[in-house]
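One chain, subunit A, appears in both complexes that follow, with subunit B as partner in the first and subunit C in the second.
Let's turn to the complex of A and B:
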């Protein structure tokens, strides 16, 4: 039960990160290896903002929640125009280019922020006891054991992630920029022939993708900590999630994130974390063999 | 209104078009004929700015447009019906048309006008474009281009794979647009399908345009066509 809730928190954050990666791949056909570094940058910027803001924890955190994703988005847009556009969005060259961006971001962070892991205080953090139930001789009984609890902040993370994911969905399906993004994704050349500024759409998509990773990191940083090497895991897990969920499929990505994290949490508790990682990797291999378009991806022409 | 001045273009280092020159006047249908692989589609893409020119110039209403970024060209009033339709398949009919309307910020009146020309689309506004029949898809490709109120219309084999009644419907729309003063550059395989409506015919062979003739001359002397197409 506790494993499930902890799993749900990390699943929510993973879903946000993976949706960013999936969006970038879907629209731009760019495999963004630097995605994890945008995540890390979000966490580190959150620490800076909270640190500089001072005052009540909620002020710094609230500020970080806005400033970090926006800043990271701007940096990403800059990287898109200055680097990815220059290599013509060629699939192989963008992989190499984003590896380069990865190291630049990582090393600059190490030089400025340092090698320490630093916490950000959550804006609120009330302990909420969780009920547990048991079948006794008297029948079904509910009770609140000491030590079994979550915090209001963790529940808020789950809620906030849900809201953001819903917003992304509405952005893609209901708005004009979403329409331009989907048209660009479906047929870049025809999009150009109908006046869609594909370059600008790409920059916006890359910024939104990185911004989502940064937002996920701001949400998780009060629970874990900000560290310059924290980008590796989210990158790897996002790739797993995006492959299982189907490239470019938003619902698929979310379901896959929940699947991976919940099973990871439960298997880790009852067996071992290594087994969980092995099973996740095995699942990816199976999906790649039997459903290359992902569990939820439609067949592509 | 459209003028290609000795353009050379191609894909990467492979040059396809060599010194292609042609003009289209307002209210005129210029038909571009040539064998498979002659460079007809490449000509269209070069006009739309989708291919960089190696040399030469494309002018529209007297202004050179070949230096503009590709996405600025449709906004000048050039509608494009690509070969193979190239609809945004996962989007609905309404969304495909909306993308056309956005190009020059056209409004409801334009949409109503276009749907008046293609009533079958009106019943299917919420249907996904890739679930339309072949004929309906071609109508949508035409309608999408008309939504930007084009002054010049480029159409690449709009009757490919269609039955005669559908070809007739499309031909009527083309004639109507011409009568409204739109310049039309029409690529076709089947000479007979267009000879009756074309004003002039340009022949292209191996990326060079060999001749431009009045359609009336071709109608009078069919052997001219056979000579130029080598069939």
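Let's turn to the complex of A and C:
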């Protein structure tokens, strides 16, 4: 039960990160290898903002929640216009270019922020005890054992992620910009012919994708810590999630994120974490080999 | 045409041979390293440059050779010559399995699949830490590093061993480019559908390229471990899959001399910049971005486009 709840927190954050990656892939057909670094940048910026703001923890955190994703989005848009656009979104060259961007972001962070892991204070953090049911000699009993608890912040993370995911969904299906994105996704040439500014749509999508990763990072940073190498795991996991969920499918991505996190917990009960990672990576590779449209993807688009 | 290419590549080997007697010790050691790594880059080039298959998991082959050799010496008690053979066979086996699986996919999926398999391989090295000593790696003792009575830990011998390996790798690539098989690979790179329509077995040719490239990478990995006496998990990590891509891109994909130029250039770029800053990977990142933007053909590729159209 406790493991499930912890799993739900990481699943929520992972879903946010992966949806960002999936959006970028879906609309732009670009595999963004630097996605994990945008995640890391979000966390590091959150620390900067919270550090500079001072005052009550909630002030700094609230500011970080707005400033970090916007800044990361701007950086991503800049990278899109300066680099990706100029290689013509050729799949192979964009992968190489984003690998380059990955190293640039990572190393610049190392040079400015340093190699330490730094925490950000959560805005609120009350302990919520969880009930535990048990059948004893006296019959059914209810306990509040010490240690079995969660914090209000963790629940808030789950809630916030849900809200953001819904917003993204609404943005895609109900608004004009979402319509433009979907049009571009379906057929770039025709969209261009209909006067859709495809270049600008791409920049916005890339920014939103990176912003989502940054937002996820800001949410998780009070639970874990900000570190310049923290982008590796989310990148790998997001890839796994996006591939299992079917490339470019948003609901599939969310389902896969939850599935992966829950199964991850179960696998790591039986195996060591390294072996669990090996199995997960191999599984994903084999899914790609034998079911390239993903487990939840329909027929190939 | 053939004589010009022979003069160029033979000249390079001769130059490297002469440099051995001129260079100061530090650069001497560096160049030996560069030649082994350039062999690795050349192997990568067979797949990426000539066949058009972009792999992000070549560290798997490099590490397979290195650990095949290292473990055979460390735990199997083999002498270097059979241990090198074990490394070669390990590369052959791994690349055959990976080829059969990964070649079912194409394009972006192929890159991700190779990346994932290499990651699994890297994690496996860490997981079997009892034998591989994980991140720490293990040292091959100086006394054991002798091939046919020649002490490979001696700088001069080491340099010549690296030179022989490099020359063999380059000779192999030159042969390949002129062979029927190599020409079909280039045809696949240019237009896979048309090649298939002309009646060539595209899958078999691609598999051949993967196996050839993987095995040569493994030999380079085994030689690296033997010549420099260290086997470690870092050589199986993502960076060592990215490096050959970087070297080949920089030097010029699909040229025989390109991988060497790229390795030489990048090695010294990082060597010089690491004197200034600890974040030397920044240089690699900037180089990658600038390359994709301004010189997608690399150094040798630009030379071929502008000066020497005959460059193989």
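The rule is short, and it goes like this: the second predicted complex is superposed on the first by the 288 of 301 C-alpha atoms of A that agree within 3 Å, B and C clash if a C-alpha of one lies under 4 Å from a C-alpha of the other, contacts with A are read in each partner's own complex, and residues count from 1 in each chain.
By our rule, contacts are C-beta pairs under 8 Å (C-beta built on N, C-alpha and C of every residue); 3 or more make two chains touch, one makes a residue touch a chain.
These figures come from a predicted structure and were not determined experimentally.
More residues of subunit A in touch with subunit C or with subunit B?
Of subunit B and subunit C, the partner in contact with more residues of subunit A is C.
Could you tell me if A:93 is touching subunit B, subunit C, both of them or neither one (first, second, both, neither)?
A:93 contacts subunit C only, not subunit B.
Using the touch definition from the top, say if A:182 reaches subunit B (first), subunit C (second), both or neither.
first
Regarding the shared-chain residue A:110, is it in contact with subunit B (first), subunit C (second), both, or neither?
The second partner, subunit C, only.
Is there a shared patch on subunit A that both subunit B and subunit C touch, and which residues make it up?
Comparing the two interfaces on subunit A, one with subunit B and one with subunit C, no residues are shared.
Which of the residues in subunit B come into contact with subunit A in the complex?
So the residues of subunit B in touch with subunit A come to 48-50, 69-75, 80, 82, 86, 88-91, 95, 98-100, 102-104, 144, 148.
Mind listing the subunit A positions that touch subunit B in their complex?
176, 179-180, 182-183, 186-187, 189-199, 301
Given the complex with subunit C, which residues does subunit A contribute to the contact?
Contacts found on subunit A: 31, 83, 86-87, 91-93, 95-97, 99-104, 106-108, 110-111, 236, 239, 243, 272, 274-275, 277-278, 281-282, 284-286, 288-290, 292.
Spell out the residues on subunit C that touch subunit A in their complex, using ranges where they run on.
54, 56, 101-102, 104-105, 107-109, 111-113, 116-117, 119-120, 123-124, 126-127, 242, 245, 249, 277-282, 284-289, 291-293, 296
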